[in-house]
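Going in written order, the chains are labelled A, B, C and D, and every chain counts its residues from 1.
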């Protein structure tokens, strides 16, 4: 299996603070990969670099072999990389369905985008199918702000699927979600993965990671500590050290 | 408000009919004069809201485009030797286009910033343009400029301006309506709610914001031109007036920021009442106190603007149990179309 | 929470209404309080005017209102216009040009004003004059004298006051004519960017330069400055013998006065285009008569003007509004003159017909006013206006120029040092 | 253009800048804590000037001594305004609606002042308003120096309150994260009321110095708002030290341009430089990254 999205020797400094020093990661096409590490190890920063929200100070990010190191978030998404956020981000004042329609990737001229009604019939049908898939179709007309926390996580995932991205980067998808919904989420990810989607998941829930991922990368103090199967990672003493000795400052 | 399409069509038809016959019924020059100014502000508030209300970027510098429209019409009319009369109205779209062109560089700079910083940059632009109008040679400086004055009779003068402005208003409203229901409009709303996430979903935010900004500047420039022509005189401090910026924002807020008809309602109520009260009671010493107090009362009783507050009342009256999201209190009943 | 909102709202409204009731009774829009004195029982003639009772021009607007009211009560005592008592209809324009346009239409079409008087400031006079012209009304005004107000092809506008552009000419000529020993060697010119002041300064500067007075500072400053210190300091450090200040209001002059005092700079000659004419209001802001001593200003009128009508106006003002003669500012006289010009035109034409009044005013007659003779040129400017220069001397406004004119006293030169 | 008049312009700018910082301090505190744009700040400054006028003319109390009365009175006024109006606005629409409310408050204050005092211009008087001392070749007016010292003193007190007291921690907590502040037991409502109270109280002092250095009437406040707002944003929201630096920088720049080039371009340069600086530092000179991250 070839690498679909990869980071090589990536570093990032904020002012004097070195958030990432040397970080390499490779996600094979069709895999579900995990990214773990103690708080402050730079997981979210890495996500931000991979999706264009931050610019890497050094190193390179590649998607399908092409560099996307300097691409904007809009561009990264258009190339087929979708992401969710650690704290769920939705358009709270838009309805659930409208949230789905924002992501529609349609290449049309500026004038048409102004004059045409948002969401063609086909797009609406597709959006409703995806809402069905995550179990939210009954709430389509509700403002997204009225959803429960777990429902928001599901909606956030569903909005990405509208544009049919090849890779999905999920930042702590289970945080604050009740066990029933976690199971539902796991199922959906497996299903999508079978359909050919590649995943990279940041997670603290070890059970979830170990159960789901084919391969896990451990970040520690801005460096990749190791990459391996869940079993290898579990067995590595360095990982345990990293977690035990991990600082409890805020996640960057 | 979520009305069924037939009801909505009826409402629109009624509004257009009222717009058409108003000056024939209330034909006194006092009311038609107030009506012209009110229409001018309705256009401005509606256009402003198309950008600011939808994107959440509270611009307080649209007087730049108002003033540029005013100066464009006046300068062109004078230099191209337009005879006073209907011909000058042909320059109104030109005033809009020039305002739109000026909105491109100013928008590019201002839209790099967000929130309060954006607000202050737009204010700064307003003062820069005002000072430029004072200091540059071709603007006539502090003595201002005078467009040709039409020799229409008392009976037709206001009417002609009224109907021209009414047409601009209809066009502006149709434009905002098209934008609101379009994909572009949805992208604007997504920027208002969460710009970073919108980017992550492929929305080209810089392009969308700038387009909306420029689009909203055009009608403002057009009414700026009409205003100059109607008054027959343009001075820098009135063309580029910080109070204009504050007024259109207040109108949109009081009607309901981001709603389709709220700003129209806000401008209708605020400008006409303000002019009426000033002419009627302005010589009373307590005028300012009462005006301010009434204003306060309205804001305190309708804290979200007229349209959203009314919607809230209606939906409560329909005895729906109030549904509260875990983090976002209150029903977010924007006039956005839900699924049909 | 909700109940709290209602309570506050209700409280605010109640308080506002209380204040409103309390003071709206004291506000009056009709100056014809003594209309009953008029022997006539004819229907009243409504005269409309829009004044800036709030906003930027409120200080002058309210002074104008007093002038109009004094005129109305005087004319009513004298039997009114053609036997009709005068009823003043004053509306406020809140210093806004849009409002002024609506207001004059309301005055003429809804309130059926037979005649109209002008508003305050050139900024509002121009749009107003165009509206009034549509109705064919005569537009006599006292405070729209900037060149921008004239030459618009309007046949109906008449300004009873001194044309602004000539304001400083007597001063400049006098300075130029001083014996070399007394004549200032250097002069500083600073002017606000305003249609009222801008045109006056270059004219004065030309005359003074031609007389060999060197210009050491000449700058325009924005109309709305929040910090005058650097400009005033720059003028002070130029150490000019004469300062010509193009000011529109009291705060500008007072800022320069204070900055000059602070910089220990006392020019030999100091003239400001507007501000010192505001009587006691100027003294209050400048910090008393000692600071005002020797400051000059050009104008068509001052409270001590040796004119019987003018003296009467001053005493009436003091009787009605209190204070001292120094409290009467020139706005009052400008407004009063507007009424006088109209009254004479009405009397001469025996009608309230505006076209007749317009052609009478254009006929080249010379009218009387508390500001002296009024004679309109083709554009409606008062070509006969007396151009005086006044000077503050010992807390009084004293006419000093033209030298030798009736009522002129010798100017105090050099201006004494501040506070001495 | 002599070097000395340039130096004088810089000194003038610094002294006047201090006064502006004092006038802006209340605005930045209220803005930062509450996310409220207080349009009434200008009207409050003028109100402060009138209060000092009444105390000095009718009761013969010295301008600076009078602050002992006006500052507490303004504190109460601020708390009342917060309770009566600002608290009633909903979180979601607060910034927008605050503009409406405070605009109305400004109009009411202007109206009350016109009814009580009329519209003639006034200026505060005291022996030190016009007197000066000679130093380094310039004459420095005492009032500007006293005003500057008052500004530094009060800003210092504010700084101390914000960074050295328990209450200040609550304020800063509310500045950064409202919800988090609530979670750790900060009584956000009380913090807000007191913050607005303090913000308005400081404004009383700003009003006094304004009234002693400018002639004012009830509508003088409007010209100040855009300037103060730009200082606050340039400073970075809620930053007291930033407000001082921004005010000194902007006013000095303007004064120097007025002397070196021309007063008419000075204001234009002021706003243009504001845009340039904010384009590169959108969070303001002392703004936290938090503003950008939102």
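The rule is simple: a residue touches a chain if its C-beta (ideal position, glycine included) is under 8 Å from a C-beta of that chain, and two chains touch if they have at least 3 such contacts.
Remember, it's a predicted structure, so these values are computed and weren't measured experimentally.
Colleague: Provide the labels of all chains in contact with subunit C and in contact with subunit D.
Modeller: B
Colleague: Please tell me the distance, in whole Å, between the geometric centres of subunit B and subunit C computed from their C-alpha atoms.
Modeller: Comparing mean C-alpha positions, subunit C is 36 Å from subunit B.
Colleague: How far is the middle of subunit A from the middle of subunit D, if each middle is the mean of its Cα atoms, in Å?
Modeller: Whole-Å distance between the two chain centres: 46.
Colleague: As a quick test, compute the distance in whole Å between the mean CA positions of subunit A and subunit B.
Modeller: 41
Colleague: What is the distance, in whole Å, between the centres of subunit B and subunit D, each centre taken as the mean of its C-alpha atoms?
Modeller: 31
Colleague: Where does subunit A touch two or more other chains at once, residue-wise?
Modeller: none
Colleague: Subunit C: which residues touch two or more other chains?
Modeller: Residues 5, 8, 12, 16, 19, 23, 54, 193, 222, 224 of subunit C each touch two or more of the other chains.
Colleague: I need the residues of subunit D touching at least two other chains; which ones are they?
Modeller: Counting only residues that touch two or more other chains, subunit D contributes 85, 88, 108, 110-112, 114-115, 264, 267.
Colleague: Based on which chains are in contact, what kind of graph results: line, ring, star, complete or other?
Modeller: Topology of the interface graph: other, matching no listed pattern.
Colleague: Taking the top-of-page definition of touch, could you list the pairs of chains it picks out?
Modeller: A-B, B-C, B-D, C-D
Colleague: In their shared complex, at which residues does subunit B touch subunit D?
Modeller: 58, 109, 112-117, 119-121, 123-125, 127-128, 131-132, 134-135, 242, 246, 249-250, 253-254, 257, 285-293, 295-296, 299-300, 303-305, 328-330
Colleague: Report the residues of subunit D in contact with subunit C in the complex, numbered from low to high.
Modeller: Subunit D residues touching subunit C: 2, 4-5, 8-9, 12-13, 16, 84-85, 88, 108, 110-112, 114-115, 118-123, 125, 129-132, 139, 141, 144, 213-220, 223-224, 227, 251, 254-256, 258-259, 262-264, 266-267.
Colleague: Which subunit A residues qualify as touching subunit B in the complex?
Modeller: Residues in contact with subunit B: 51-53, 72-74, 77-78, 82-83, 85, 89-95, 97-98, 101-106, 108, 110, 113-119, 124, 140-141, 143, 145-149, 159-160, 163.
Colleague: Could you list, by residue number, the parts of subunit C that touch subunit D in their complex?
Modeller: 1, 4-5, 8, 12, 16, 19, 23, 54-56, 58-59, 62, 193, 219-222, 224-227, 229-231, 233-234, 237, 249-251, 254-255, 258, 261-264, 278, 281, 284-288, 291, 418-419
Colleague: Contact residues on subunit B for subunit A in the complex?
Modeller: 178-179, 181-187, 189-190, 192-194, 196-205, 207, 211, 215, 323-328, 331-332, 334, 336, 338-339
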